[in-house]
Amino acid sequence: MSVLTVVCESHARDAVCRLFTQAGARGWTLHAVEGMGGQGERPGDIAEYANIRMETILGREAALQLLEELHQRLFDRFAMVAWISQVEVVRAQKFAGPASG
Amino acid sequence: MSVLTVVCESHARDAVCRLFTQAGARGWTLHAVEGMGGQGERPGDIAEYANIRMETILGREAALQLLEELHQRLFDRFAMVAWISQVEVVRAQKFAGPASG
Amino acid sequence: MSVLTVVCESHARDAVCRLFTQAGARGWTLHAVEGMGGQGERPGDIAEYANIRMETILGREAALQLLEELHQRLFDRFAMVAWISQVEVVRAQKFAGPASG
Amino acid sequence: MFTDVVSALEFNLLSPPILFFALGVVATLVRSDLKFPEPLYAGLTIYLLAAIGFKGGVALSKAGLGQVWLPALGAVAVSALIPVWSFLVLRVKFARVDAAAIAAHYGSVSAVTFLAAVNFVESRGVPQQGFMAALLALMEAPAIICALCLARSGGPAGEFSWKHQAHEALTGRGVLLLIGGLVVGLLAGERGWKACEGFFGQPFQGVLALFLLEMGLVASRRFGDLRKAGWFLILFAVLAPLLHGVLGVFLGHALGLRGGDLTLFATLCASASYIAAPAAVRVSLPEANPAFYLTAVLAVTFPFNLTFGLPLYHALAGWWQGA
Amino acid sequence: MFTDVVSALEFNLLSPPILFFALGVVATLVRSDLKFPEPLYAGLTIYLLAAIGFKGGVALSKAGLGQVWLPALGAVAVSALIPVWSFLVLRVKFARVDAAAIAAHYGSVSAVTFLAAVNFVESRGVPQQGFMAALLALMEAPAIICALCLARSGGPAGEFSWKHQAHEALTGRGVLLLIGGLVVGLLAGERGWKACEGFFGQPFQGVLALFLLEMGLVASRRFGDLRKAGWFLILFAVLAPLLHGVLGVFLGHALGLRGGDLTLFATLCASASYIAAPAAVRVSLPEANPAFYLTAVLAVTFPFNLTFGLPLYHALAGWWQGA
Amino acid sequence: MFTDVVSALEFNLLSPPILFFALGVVATLVRSDLKFPEPLYAGLTIYLLAAIGFKGGVALSKAGLGQVWLPALGAVAVSALIPVWSFLVLRVKFARVDAAAIAAHYGSVSAVTFLAAVNFVESRGVPQQGFMAALLALMEAPAIICALCLARSGGPAGEFSWKHQAHEALTGRGVLLLIGGLVVGLLAGERGWKACEGFFGQPFQGVLALFLLEMGLVASRRFGDLRKAGWFLILFAVLAPLLHGVLGVFLGHALGLRGGDLTLFATLCASASYIAAPAAVRVSLPEANPAFYLTAVLAVTFPFNLTFGLPLYHALAGWWQGA
């Protein structure tokens, strides 16, 4: 399995979650972070101006495709970085493919 | 070395830490997170109803066994996901096996 | 690419960021965490006594060298652990080498 | 008595805390992005519990400790007994663990409901002796322990340790702030209260109002699970507090409580825990379904007590004392 | 009128909120590590918006709703029109999307500037009817929607959904707290206010002062981008609020507003949004450069209004009413 | 003088702030899960420092600046000298870096101890001029710089940069809030204070009480390290503040301080830093063992000053002025 991690400005949250869902992610985890990057420092004292860090576990294929989607559709619009790591889980079926009900 | 990451409801904290210790982990890092999963959204405005994210570095064997323990003993009882990633460290002995003193 | 993760006492922040910059990192992400380790529990209710968790994406070579630098120069001085994971990104050039402008 | 009920109801429903609670409910219903950050919730909780304990302690330093022990005993007893009949009734529809889990919540108490009751009683100018905060602290644990025993009577169920439960019952942050605040108030007395009134006294009702805004958000997020809970549970979640409130009035009166104290005692009996009980149940009865107990307590009983229950118990207490 | 301006300026610049704002600016300039944690910012915002709404509602419960509709209509109209001419002027130097994005911010309103104005008017003892908080809520959205239309008139630009914008306009946390507070105040009335005055009333000005310390930090962090913004934009960021403030005085007077209400209306017109508008623009006009609109609004217009604008509009309003 | 000491002690030990501090200690001892979230701690700190600075500034606006410079000079001198003899004494048992690190803490000052002293003096109705908050800000840095020099006199030890230390000394968040608050208070004067009294004044003592609850938690977590610290250090941690408090009374009196100001000056001398000094020492003397300096300061000196030291210094100051 893979974990896709996204660090982005908090305004991008809804857009990212929508892509997560479309990619078949059945869950995610997120929290507020401070950041430093090409667009300068983001100290995070105002939620609207801060960054969030989101993680979702999903299959490798789905993760790669989701990263590509993020790249195509959101990287230009929002301050954002994303990466994929390979991980091991038990109950892989919990994270596999779109929820069937 | 491996990093085992657990995202779980905060009520599971003590139980998870106990398993960490039993598995020989000599330290861990944790913080509060929001989450979305099979049991719905967990917005995290009340600590008791929120999720935490815990990480512990330990040897690969110990990590796999710990994941199995978590699976056997806690996955049914608490809202929880966990995964293992391979990482590189210096001072590997700091994280290896139960503390000797 | 690699992600280098550092968990350390908050007093180390400036020193770590300086090493990040020297290693060519063009950005990083950080947040406050609680921790447990060789130096006991760090409950994190006072920022000055708490831990932070920092992540930076950079090339594998740079990451390994940075980890070594951290080891040589900061591991003895501060409560700190660090690890490297292999990750996949798009736009690898965003994270590669010192900023040219 | 009817006009008393109506007047108390109107007074309560138009008070800022209840109106802010309603605002929180509306915010969820219209899917607003309003959210309280966790540290704000924690800070408000610490403030409210410390304040109510402190205030109670100061009152106690004037009233003397002699009158507390009888009501305290009654409080512990009623809190341990409520789960028994609740369990029996709930067994009609629910599995053993679920019935026990729900029963634990109704025997235990809700600090926020109590805070709203104190506020209501004070705003109406009804005299009270002030030691009821001590009962709030005492009534949290017995019900939980009793209900866990009921669940285990049917075989081993999850982790359970007397030592752990007793430790929680005495040192959990809620109990500690309450009892600690009481002792601080007892020792600091009137002089201490004067010094801190500008923080623990004057802003109190306003802070409670803001806090209930958050509680409105929290409670209404559970509305979606009402269907899963089913009619039997929803009915139980309305009738149980009513019954326990009435019982509280009679019992409290028999134990010598009068005036505002009687209303507060009835409210304690009627209220259902949503912090201490879920925590204990999650750990000790993990098989119990949170969709049942949390929904009953948060989506039905808590709002019911806050809006309608409170003035009802108050009117009944007034009528019974007058009778 | 000159002495009025000087006295109002002096009064404003030496008031604790403005001095704390200046302290925040200084802290950034000397590169201090002073920082407000996010939950503190969120908590202060929730408090301030709920308090101003509540207070407004109580005032409204006395004044009656009849007088609101005409100023409300005027407020919506002016908020929708400001972006039009702003857009035309900004097009001289900026691309379509950037011009529209900046225009959206100047048509919309800043709650904190409004809070400072309420505080100023109250400290000076000028009577006000108290329903202006309602206008603050109404003036947030129209400008944003209008400016997004202007941007899209040049072709497809990012995501845009009427449904989404309307939902935001009605349920965004700022609007919800304001309107919700107003309704709570209306229903709770004078009795409710008395009960909560120790929290929503007495500490208000001090809380605002502390909050402006944080806003000083936030605004001054943008000073570094002033060079990127360029002279044209900086000039715009000073002249636009001035123009809109003057316009607000004349229009507000024509709509029947008097006393403190007129100052508040002018300030609303002059103020520029830095929470609602950036959020909408980030999502719907992602190509627009934040270095332009955020810098103009935060580094120039917000401080200008807070320090010089406010007393100017007030003096002008006084003079125009006297004339 | 004995009855003075007893009465001051009793007054202090039964005041809400000290009782809440004790509650925090108890909470740790019984292993309660009570915890303050970090943003709450940060918020309380910002409030307390801004309030004490502001208040001091307002007092200063009445007293005039002329009387400050002599005590200020004395304060800087004593803060730079305390580390010298502390270092020499500590060298008996400790390595050079550890001795220097501990010495830095005792020369520097603790804002919270000062806050408790202000509160104590005010509650007892002792008049004070109010500019001592300025000395608090001035006494933070000299000791640290002096101690770092002592440590380095034995060879290179970690990072050290005059520029960095000076920058910290002037812009660290504590100093900035204090000095900033003072200037705001000076400029805003009595009128500004009236406007903000409902926030910075009335709730102050209560907020301090709640904050000391958290400090009780923090201090008592260090109790476990007392054994590692050893008897020599524990003795030092009690005798040093006593000695410095007595010295403070004599010196302050010689510098012309009277009434509450004298008590406050003595407390400043006696207090030991637990925020600024550890931060500097962690960076510049990383080889120094935190188990020594943090335990001495947090687990011994801070509680000692808060409970027994404060009334002692006060009684001594009263007696010396009477003599």
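A few points about this structure:
The letters A, B, C, D, E and F name the chains in turn, as written, and every chain counts its residues from 1.
Just so we're on the same page, a contact is a pair of C-beta atoms (placed from the backbone, for glycine too) under 8 Å apart; a residue touches a chain by one contact, two chains touch by 3 or more.
This structure is a prediction, so every number in the text was calculated from the model and none was measured.
Minimum number of contact steps separating chain B from chain F: 2.
C-beta contact counts were set side by side for B-D and E-F; E-F has more. Greatest Cα centroid separation from chain D: this falls to C.
Of all residue numbers seen at the chain B-chain C contact, under half occur in both copies; the interface is built from largely non-matching residues. Look at the CA centroids: the one farthest from the centroid of chain F belongs to A.
Mean C-alpha position of chain D lies 41 Å from that of chain E.
The distance from the centre of chain B to the centre of chain E, each centre being the mean of the chain's C-alpha atoms, comes to 46 Å. For chain D, residues that reach two or more other chains under the stated contact definition are 35-40, 42-43, 202-203. Within chain B, contacts with two or more other chains are made by residues 31-32, 85-86. Those chain pairs judged to touch are A-B, A-C, A-E, B-C, B-D, C-F, D-E, D-F, E-F.
Listing the residues of chain D that touch chain F in their complex gives 37-40, 42-43, 46-47, 50, 54, 167, 170-173, 176-177, 180-181, 183-184, 187-189, 192, 195-200, 202-203.
Across the complex, chain C meets chain F through its residues 9, 11-12, 14-15, 32, 43-50, 76-78.
Note for the complex: chain F touches chain C at residues 35-38, 41-42, 158-159, 214, 217-218, 221, 275, 278-279, 282-283, 286-287.
Taken in their complex, chain D has these residues touching chain E: 14-16, 19-20, 23, 26-27, 30-40, 43, 123, 201-207, 209-210, 213.
Against chain B, the residues of chain A that register as touching in their complex are 1, 3, 17, 26-31, 57, 85-91, 94-95.
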